[in-house]
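Alright, structures below, take your time with them.
Across the two complexes that follow, subunit A remains constant while its partner is subunit B and subsequently subunit C.
Up next, the complex of A and B:
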């Protein structure tokens, strides 16, 4: 009886879950558990020696960890903040009655479709000091552009802005969906009360698109915390260590052949992202329910 | 219904397992029907290596038609290091492969992974003083591939002629030259920090001067007794790097320039000096013939004119992994690589960047200027191998540290101290004694 009841509850026979379960187990769960073990060893790929928590101590003693940590946070906050602001503004613009609305929506979304590495290489060329298009354009209006990616003061900022350029399309689409789902009755009510465009935005669009804001913040903040591909293609964490993030520090240790040490770094990154993302998710989710 | 579910489940299980295990098989061993053996040869993707490997394999296949060689290409740098380590540890390595000698070889655990060639006829023509850099615990594992190269200053000889300058023997002379070059409107020192590895030359190429001033440095450094920060001769490299930046001797946009752009600036005479490896010159000769005659080489000058010399990088090695099933053919290929005939074949394909490590192998008469300059240092006995060939200890972050010092972000004192810490991390990860 119980077996039959269980079978009735499950929509498909369990055998159909098996391939996914095996793939998940072999490619995801087993390596994750192994990572927790290898983080405690000195591992050369040829053999491993158990060294206890030494790797964690060495990783935390990494000279550039502080820079990397600050950079990671700055990058995550900056990119997710800009994506929220620009995404919302573009979302409002692209839900209004524009003649080229469909075309403009495609234009805004297009960068999201391009591979990150391709974007990184393209912008490295555009940002070159003498020959790059950006500085040549600036020269036309009499501004002497700098070596954006080779200068410690502007490297991280330049990469963050490129990240925003690439990611704002997705944020905009999420906002467009959010704004379109607001019932028009609210706007009519504002119109009846004699409210201006600003009132419509401030008291209807902004609060009622909160679920979209929530999704954009969570997605881009977590994306920012583990940001790596764009930074690696554009600056490799340089000049020096000035645009290193936690992920690029871990990658460099892996490259150097310190497999145990870099695994320890990944375990720490996992814990940090969890420690930040779970409360953030909880807090933002609560606000959503309160709406 | 029940049975069909169960059958389907079993079928899916089999399929899944088959899909998961099917990757990683399929290397066919043994000679083919017509009796030829095919060797796979893994090389890095630099222009010089690829052309040299092609010259070697073509000449070898002509000499021995029973063996065919297929060349595979891998990325260079630390990405390549990991490919080599991964393939060796999974038993998936090609039959012969080209890889660095010195400290990088030590990290491959050769005793466990490579075929011991000690006393093998394949080593018959190898110069005896090369063997230590392809050996561990007294056992030799490889033959020299290509030529040695110099690490020092590449300079534009036309600029030197035009300004009436002489090759400097001391750092002070070098800086005096730089002032005159700057006054003539030419960038005195080219730096290319986008390719971070190029920033290390002032430090690594200074090793001749380090060992001239402190002969026991390599030994003490390996034993965790001598440090870069506290040995003045060793710290000088970091000081030099900071000095050329502080005096404004670098070209504009040095922070995002690449090695190729640097070589272009040097050949065109827009820059006068480029701290670099001599191996960067030969690939350029095909497209820019002037590079053969206009670019010269001198060792990084130190404090004392009487102790002037150059730092030498030993050739890479060609090795055989223990997992190969075609050992005899692989050994035949190695014996050829380390023969004067191979040197002749290489000379025809790529201009050598320095002297060979093969007995009886000679530079061609029309050798490029950097190779001739380097040969002079070798003939006069004024060379020393770079530190990575005499000590297994080499920190992985040196290139970032030298970029930071060379861009004025970090003081040389701090940079040297950071590198000492970096080295400590590596020594601990290698499990060396005394750290």
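Up next, the complex of A and C:
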């Protein structure tokens, strides 16, 4: 036993961890830990004064900052919910016997690879109030479009929908992988019993693609909570502060030179992401085992 | 027979819907990029009356003293360097993590998971890079990209290492090949398929990264393509043709990767997601 352990030590030295560990610890972990201290200070990068929980109080008390929490949650729930529903539908569709299946898969997936800034700019153009293609198309069917990104009621929702447009391709390919791994015997059994397409979906595809659902939820929920690029290129949190998320507030406070306040936003984001992701992972993971 | 016609109808509807929803934005991009300024203002699908493709291209490239070219060089350097380091560091760590279970491996597992979940603390990262003299430098940006993408790469590598039989290690050990030599001579070459996947997926992600360069590489001389594009948005707010030409130029590298390695990229992204 000891001989085996010794051989393992010599064959797999911990030194192999070293480069990855150094980069990860120094560049990622140290700032993450230090954030908890700097969040309690008034800070200019060069010197910091301890101010206790003032930054957090500001974050929770000021209307402009508080709106970010609600928006972040709305955005994450909306985008991940839609990605699950649409990803599943597209996944089912694109695993059926469809001509041009390969082409459609590529078409749906490609936006995942385009830069978020490019997507944001393009859709800002499409959503322009007078000349935008979306409103022109709506006018054709007699609907009066509005200034989607300039209106406080629709700005955040419009950005969330663009996020879904860009991200649903990844959800779809995850579902495709999940559905393809379902053994065909299950479907054959339903066919023998004379089950309908709905029956097949409801009792086989839906429950057995659970691992895919789990991945899509975790991935897009965490992504939604952290999202910044798309909101920043499309609305910059506007009009006013109505489409700000925590990540965009972090950037605004950083630009304004309030580094302590900005870092407090980071700590809050950290707490929210862990408070949601860890139980979600635990709960969804358990359901997966129960299957 | 009727079934067949209905099927065809459904397929046609799906095809048209998918094309409209997913391809129209790209069509608009391409079409506007090749129009002249007056016609580009309409942002519609009218066929271009003139084709100033070369003029638009040159105008975008020459803008702000060739900032786009510098941005392209910077983005390429950042992507190539960080992906190279990422692949080597992550593969080494994933190998020992998979082969040597124990307390250290459990700690490493925990760190990989936290790297996937925790949003980077940006301002403290700036503070740290400043202290190391790496803020606003390409090496600093490269190290940051490596740190932020390590977890994802390690997940993919670890799963692949698990599929390599240990007997192979043992045979190599008998020949006196252990540690780093064992890894680089025997294991790393076998990781080739997953290495290609990691290279593709993380190249796209790092090339398209906007947030981290925005914070860690401010200023024109170190601009990356995404930050340049973002700045062009306000500069070209009347010259849509140039803005879209810029978008097209920046979308070409990921498009090329997609055309050649579609399957690999899809496989890598799904594997990373499902194992995460």
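In the analysis below, the second predicted complex is superposed on the first by the 279 of 291 C-alpha atoms of A that agree within 3 Å, B and C clash if a C-alpha of one lies under 4 Å from a C-alpha of the other, contacts with A are read in each partner's own complex, and residues count from 1 in each chain.
Just so we're on the same page, a contact is a pair of C-beta atoms (placed from the backbone, for glycine too) under 8 Å apart; a residue touches a chain by one contact, two chains touch by 3 or more.
These numbers come from a predicted model, not from an experiment.
Q: Once chain A of both complexes is superposed, is A:110 in touch with subunit B (first), subunit C (second), both, or neither?
A: Touch partner of A:110: subunit C, not subunit B.
Q: Looking at the overlay, does A:15 come into contact with subunit B only (first), subunit C only (second), both, or neither?
A: both
Q: Once the shared chain is lined up, is A:274 touching subunit B (first), subunit C (second), both, or neither of them?
A: second
Q: For A:147, is the partner it touches subunit B (first), subunit C (second), both, or none of the two (neither)?
A: A:147 sits against subunit B, while subunit C stays out of touch.
Q: Quick check on the superposed pair: does A:238 touch subunit B, subunit C, both, or neither? Answer first, second, both or neither.
A: First partner only, subunit B.
Q: Have a look at where A:26 lands relative to subunit B and subunit C in the superposition and call it first, second, both or neither.
A: A:26 sits against subunit B and subunit C alike.
Q: Look at A:257 in the shared chain and tell me whether it touches subunit B only, subunit C only, both, or neither; answer first, second, both or neither.
A: Touch partner of A:257: subunit B, not subunit C.
Q: With the two complexes superposed on chain A, say which partner A:207 touches: subunit B (first), subunit C (second), both, or neither.
A: neither
Q: Contact-wise, after the overlay, does A:123 reach subunit B, subunit C, both or neither (first, second, both, neither)?
A: It touches subunit C, and subunit B stays clear.
Q: Given the superposition on chain A, which partner contacts more residues in subunit A: subunit B or subunit C?
A: Ranking subunit B and subunit C by residues of subunit A touched puts C first.
Q: Could you give the residue numbers on subunit A that contact subunit B in one complex and subunit C in the other?
A: Of subunit A, residues 13-16, 19, 23, 26, 45, 128, 254 contact subunit B in one complex and subunit C in the other.
Q: Of all residues in subunit A, which touch subunit C in the complex?
A: Going by the criterion above, the answer is residues 7-8, 10-17, 19-21, 23-24, 26-32, 34-35, 38, 43, 45, 93, 98-100, 104-119, 121-123, 125-126, 128, 131-133, 136, 165, 170, 173-174, 176-178, 211-212, 215-216, 218-219, 222, 225-226, 228-229, 233, 247, 250-251, 254, 259, 262-263, 266-267, 269-270, 273-274, 277-278.
Q: Going by the contact rule set out above, which residues of subunit A touch subunit B in the complex?
A: Per the stated touch rule, the residues are 13-16, 18-19, 22-23, 26, 42, 44-47, 49, 54, 58, 62-63, 124, 127-130, 147-152, 236-242, 252-258, 260-261.
Q: For subunit C, which residues are in contact with subunit A within the complex?
A: 11, 14-15, 18-19, 21-26, 28-29, 41-44, 85, 88-90, 92-93, 95-97, 99-100, 104, 108, 111, 115-130, 143-144, 146-148, 150, 154, 169, 173, 178-180, 182-183, 204, 207-208, 210-211, 214-215, 225-226, 229-230, 233, 240, 243-244, 247, 250-251, 254-255, 257-258, 262, 265-266, 269-270, 273-274, 276
Q: Touching subunit A in the complex: which residues of subunit B?
A: Within the complex, subunit B touches subunit A at residues 5-6, 8-9, 12-13, 15-17, 20, 77-79, 81-82, 85-86, 88-89, 107, 109, 112-113, 193-194, 196, 252-257, 396-397, 400-401, 403-405, 407, 409-410, 418, 421-422, 425-426, 428-429, 431.
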